[in-house]
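Structures follow.
The following pair of complexes shares a single chain, chain A, combined with chain B in the former and chain C in the latter.
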Partner chain A sequence: MKLLKILPLVFAAVVAVGGLAWAEFRFPMPEFESGYEYPEMHTPFPGRTNDLWDVVLLAAALGLAAWFVLKRRSRPAVLGLTICSLAYFGFWREGCVCPVGSIQNVTEGILGLEVVPVAVLCFFLLPLIFALFFGRVFCAAVCPLGALQEVVAVRPVVLPRAVDRVLGLVPYLYLGLTILAVATGSGYLICQYDPFVGFFRLGASLNMFLAGGVLLVTGLFIGRPYCRFLCPYGVLLGWMSRFSKWHASITPRECIQCRLCEDACPYGAINVPTPDKAPLTAKEGARKLGVMLALAPLIVALGGLTGLLSHTMLARIHPTVQLAQRIAGEEAGLYEGMTIESEAFRAGAQTREELYAEAHAVRADFKWKSALFGAFLGLVVAVMLAGLSMAGRRDDYETDRQACVSCTRCFPYCPVEKDDVAVAEQKT
Partner chain B sequence: MQNKRPEFVPDQAKWRIASAVAAVAGLFTLVLASLLIINYLQIRAADPLDHPELLKLREQLAASSENDEALVEQIRTLDLLVRKAFFTSQAQLRVGGRLLLAGAVVFLVAFRLAARWNPKAPSPGGAPDRLGYWRVLAQSRELITGVAIVLVLVTLTAAYMTPLGIPAPGVADESTEGTAETDTVPGGAAARVPTWEDMLSQWPSFRGPGGYGVAHFTTAPVKWDLQAGEGIRWNVEAPQGSFNSPVVWGSRLFLSGATEALREIYCYDTETGALLWRQALPAFAGTPETPPKVSEDTGYAAPTMAVHGDRAFAIYATADIACFDFEGRLVWGRNLGVPENHYGHASSLIAFGDKVYVQLDDSKQPRLLALDAATGDEVWAAGRKKISWASPACAPTPFGFQLLLASELDVDGYDPETGTLLWTQEGLDGEVAPSPTISGDVVFVGNEYAMATAVRLSGSNEAVHSEIIWQWEESLPEVASPTSSDDHFYIATSLGEIVCLDKNTGEEVWLHEFEQGFYSSPIRVGDRIYVADLKGTMQIFGTGREFELIAALDLGEPAYATPAYLDGRLYVRTEGRLMCIETDAAH
Partner chain C sequence: MSAGNTVRRRDFLRAAAALGVGGAVWKAAAPAAGATVWQLDPQKCVQCGRCATECVLSPSAVKCVHSYQICGYCDLCGGYLQPSARDRDTGAENELCPVSAIKRTYIEDPFFQYTIDEALCVGCGKCVKGCALFGNGSLYLQVKQDLCVHCNECAIAKACPGDAYRRIPAEQAYLLKTRPEGGNGQE
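Entry: the complex of A and B
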């Protein structure tokens, strides 16, 4: 038994490091003096499928997931669909097109930087629309990233609720950074740091493998760490799901307060009934909430100011700034040798001055955008604090609509049958 | 498929088997991963291009004077071997990776089964901790607040400790070839925007405040003796090879100079004539390695600088424009794109409000640019029909300040704030160098081989109307720009004529012929007009309806630049000297 407790850790570490097997190597091509001409580089066409077919499949998968979760209430069916989605959207389509990454395209479209392809727009909107009606069924059984984590969640434990909530700040941070990166032309952070795409494609940079490995390790014991504590798209899905028309419920009829489901959710998405008596009077509670709301503009302003003051640091996510820093460092003797990027730059026509000027222009571009990013995070904190200061009333064990990924893990724990008349009568 | 009710019944036998499989699979992946790590490190270390033996052989080959075929063959063979070794290792890495993945899958399945056959039943036990609900909410609030505070502090600390580490725009790093090291103003700190009143008490641009040839102070000296040193406060050597005129703000006087390879700014103390600093411009993005061709009498630093508050601006034939502070630190600089201009770029800069204006006359794309004086960023750009070598004026008109520009075809008025073309009148021709002047509501331009034209402005600030009220075609300026009084316009020609024309009618009031021609522009100083001739004599005459020569004073050398006229002082640049002439000063 002890062996089994230790081995997963060893295994997980090995998986993470084993990713090195596909880590990419790059080195210059051989030099020929014989006049040999390098063959022209060809980029193969994406021939495995077409994007519109993927949209159809996505819609079908979402529909099936909603049916399995809400009508059939079948965990095996949801698991089966999860594996199919992992196989198709993950390993076959190699994780692209992906609704999580589509945030970046849509941001570009909104900012007027690029036209959003129809398929990408559909991938962005369909899961959100489904979440608005049926909850996060996309996370439940369609998202390949969620599917991979669901598969490895063998011994998930429940985190303390307060820790769960604090870590829930991180996806907002990631979402804000992602939008900042797109708005400043710094690239697609979600794609660059997609932790699982390396496994889907059997090839990625070392950092991507390490990130994926660490998340899979964590995922053995802390369910869906990426979905809960990183996924920027999960933020949007959570907002939609919070107001969903229909949503997965733990019990098919009425809760009998048996508490069997209390620890069934490893994702911290079951809300317990609220106590009958609150520690504060209604007046005291209202005053506390009032203070919290009055502080909100200050928190937002503090966030904005922090972002503004950090814009130079944030500008380092931009590749031009990174290259300029590298070149400046090389010139100042801070580094030995060159990176491939700095070598390519030195072989090119651009001068250092041009590069530095470009980097400074990028930094200037970051200034107010960073302030907005900081203000957004301040707003998130303020809303969270205000939400935690409001006393809602709840009599039964219910799913947390924003956090629940509709995985149906809790369903088998509920002893109430869908057509269990006796139980209903007993309750009555 | 329906949910199967979990029974939470352990099956020890199956659990043991699954555990054993998981253990073996785990061990397998562990060993394999270790091997892969070693392989990976070997591949990283064994870059075929940096193989020590190969490098050694290459060095030998480079050192050998003869073509050593055997050595070349040895290098080829070794190169092939190390590349083969590299790719073999990489192939092994890939195969190993797939085996690792298979091992991980087996482990995962076995581990799941082991967990299934050794289930953990739910155990609600005890009464629900209802009060804990409020405690958790409070904990969450405290934790979120604490984390947010820590996040802010860590971010600010990290931001403080991570400077950009990139030289400021326009500043070459130390190793930039052909340029001198240049200090920069950290962050390009913004300066106070000078008002028109501030400008009036200085000599901020070519032909004075507003650049239309009229001095605010009326106390310029009317007598001096260069040989005896009377009236000469100081007399120092001026930068060679450029023709721009001095500009003065407070105790600082600026000139620019340039050669094919070097572009410089000189800053002098107006009290002593001491050269306080000279700074070379670095190469900016777009600065050409080979400078454009310019004529000998234009040079690479023909445009006069502009000085505005505590910032000095200079532009060169390469269209490199730079802003320095009074301590000689580069605030910003950029290249505006080398203009195609057959004599070389000669239009001077002028600053007004928070902008500095550049008449960038590229024959393919002549345009007027407004740059942010604090940052050098382009605020607006207005296209022009034709080029010229004249300079913009930014003068007060009855309808607000206007940028007045001359081209080979017309004279135009622009809104300095927006760049909107307010009015335009055709009346020029040839290669235009003289700049416009203004008197009240009448703008005046002229050029040799064309006509001198007076344009009256009317209407309102929003809709300025212009009309040509008269033209003059007798004696016309070639280089020197005209000046004005309340009633007259004054032309100085290259042939040595000074013509006084009636502002309203264009009637010739008087014409006087001097022995020497004029390149330096006449400036009205109260009721006197000063103009230095090509031989180096400052001619001073009255502005009245009769020609009255007040003085003709020696400057010692030919003078092409236009002096700066301040309170009781005159700053003159002659061919090789820079001097301050002051009432009652003794050398």
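Entry: the complex of A and C
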């Protein structure tokens, strides 16, 4: 017994002399004589994870949203569903995993980096499939991020078309960067810069709250700033919605060109009729198209080259590259003291040369992926320019299928709609 | 070609596109039925203290757990006592834990049991460091899955300098240390 009592001290002294190396099982497990039994460890099961029940609710909410927008044409119903979605998908489920963030999981799954749970893949696909048939009804009344901005948009102003178009390119950049980050193992950008999840969880870093607060205050006057000028999932939804079978239309029947809805859309998603001009002759049209076709590969190549040239800069989003730069800086005497990362690295088994080699490998991995990212952005610009140069004819006020989030704000502006409602009321 | 035909062909194309793209993504992503949760590998943990500060929850969902099976039940506990502690007792000035979340109970001479009060624990890992430097490593950090809100990207994982966090199947939601094979754990 006496020996047992001093044994730990002896061991401790040995360890202390030995330079405090990290080790385990230094001391023998005691042999109890009092019939002592080990207490149970408390390892509770997950409260709730992404389960299929949420997928069912998502599908139901999407179905309801499509019905409210296309059949009922009811703004109050859509707003009600929006608030329900905000409460459930936002504050109750606390935001994760959302279709916006699921882009990252699905990218990882496709690249074989990580296994995607079925529920997460359903979260990714369902809103896209609904958009292909009914337009962006997910944005209208299901997405909690959209819902939060929809309810704060009280004094929205219409932005100039050019500003709207240019800022509208940012989501493509964000989508490209996100996929680049996932493909190179640099982390989930969408999640790190999610401005609203902090509100849903009622807890986040100060920066997150500040970003969210700025966006919400902006959202009072500029409708849905995140959806229009940041959301990477909106890009995918826009592509689907562009070819959707049914889509919310401003007027239930024929447009009477009254122009009352002209300023109705706070999100810049109403296309006005094209001014009466002499239509392009076939020769002029062919020439324009030829120029565009010649220019497009050039823009794509330029984008790819820019991406390739900036790959060392882009590689800085990867933590290994950041650490290698920090360590190299510390070695060169550029920084005073150590960060937690550099301290952990120096305490670890990896040598500096190994770290540098790893960082170089990461940088090499960024090379062609950055080029692809740049080429993608080039393609986006080329397609936008082509769209601008190929002016089609439009006689009526229509929703811009790609940009329209089917919020139904424009419905009450249409006198044809009011007429219909009045007739229906008279009948009853 | 009549208008009806065009519309029907468009519908067909749309349905085919939905099926094709959806199916291709489904096939390529190769989803698994089970959900996953975040957990930290105690072998990789460097006890930097970020588990306490980086979690989106406050206090953190990471708590200290105790594998009693590998604890030495030492009187002089590196996880419980300050290195400079004058007395080996429960005096607050001697405790390493900043929130006094470790309870010390006498079992039999010369053994003491150390129990974590989870409600108090903030997951700072100070005791983990002490136990790793000076003991058996029976105190270590784990994500308590009933508290965790299962962020898509764990904020602590992003900040972890030891790269200790990873996703594991939800059915096996902990990475626990167990008594090594063969006897009482002496290597």
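We adopt the following convention: the second predicted complex is superposed on the first by the 361 of 428 C-alpha atoms of A that agree within 3 Å, B and C clash if a C-alpha of one lies under 4 Å from a C-alpha of the other, contacts with A are read in each partner's own complex, and residues count from 1 in each chain.
Heads up, the rule we're going with is that a residue touches a chain if its C-beta (ideal position, glycine included) is under 8 Å from a C-beta of that chain, and two chains touch if they have at least 3 such contacts.
From a predicted model like this one, the values you see are computed outputs, not experimental measurements.
In the overlay, answer first, second, both or neither for which of chain B and chain C A:F411 touches.
So A:F411 only meets chain B here.
Applying the touch criterion given at the start, work out whether A:R155 contacts chain B, chain C, both or neither, answering first, second, both or neither.
first
Tell me which partner A:A141 touches in the superposition: chain B (first), chain C (second), both or neither.
Once the two structures are laid over each other on A, A:A141 reaches no partner at all.
For A:L64, is the partner it touches chain B (first), chain C (second), both, or none of the two (neither)?
Neither partner.
Which partner does A:L86 contact after superposing on A: first (chain B), second (chain C), both, neither?
Neither partner.
Which residues would you name on chain A as touching chain B in one complex and chain C in the other?
Residues common to the chain A contacts of chain C and of chain B are 1, 4, 8, 15, 20, 22-23, 25, 27-28, 30, listed in rising order.
Can you tell me which positions in chain A touch chain C when the two form their complex?
1, 4-5, 8-9, 12, 15, 20, 22-34, 36, 38-39, 41-51, 94, 96-98, 101-102, 104-106, 109-110, 112, 114-121, 124-125, 128-129, 132-133, 187-188, 191-192, 197-198, 201, 203-205, 243, 245, 340-341, 343-345, 347-348
With touch defined as at the start, can you tell me which chain B residues reach chain A in the complex?
Residues 1-6, 19, 22-23, 25-26, 29-30, 32-33, 36-37, 40, 43-44, 47-49, 79, 83, 90, 93-94, 96-98, 100-101, 104, 107-108, 111-112, 114-115, 118, 122, 124, 128, 130-131, 133-134, 136-137, 139-141, 143-145, 147-148, 152, 155-156, 158-159, 162-176, 282-287, 334 of chain B touch chain A in their complex.
Would you mind writing out the residues of chain C in touch with chain A in their complex?
10-11, 14, 17-18, 22, 25-26, 28-37, 46, 48-50, 56-58, 65-76, 78, 107-111, 113, 115, 118, 132-137, 142, 144-153, 155, 158, 161-162, 167, 170, 173-174, 176-177, 179-180, 184-187
Under the touch definition given earlier, write down the residues of chain A that touch chain B in their complex.
1, 3-4, 7-8, 10-11, 13-15, 17-23, 25, 27-28, 30, 72-77, 80, 151-152, 154-155, 160-163, 165-166, 169, 199, 202, 258-264, 272-276, 278-279, 299, 302-303, 306, 309-310, 312-313, 315-316, 321, 324-325, 328-329, 331-332, 351-354, 356-361, 363, 381, 384-385, 388-389, 408, 411-413, 415
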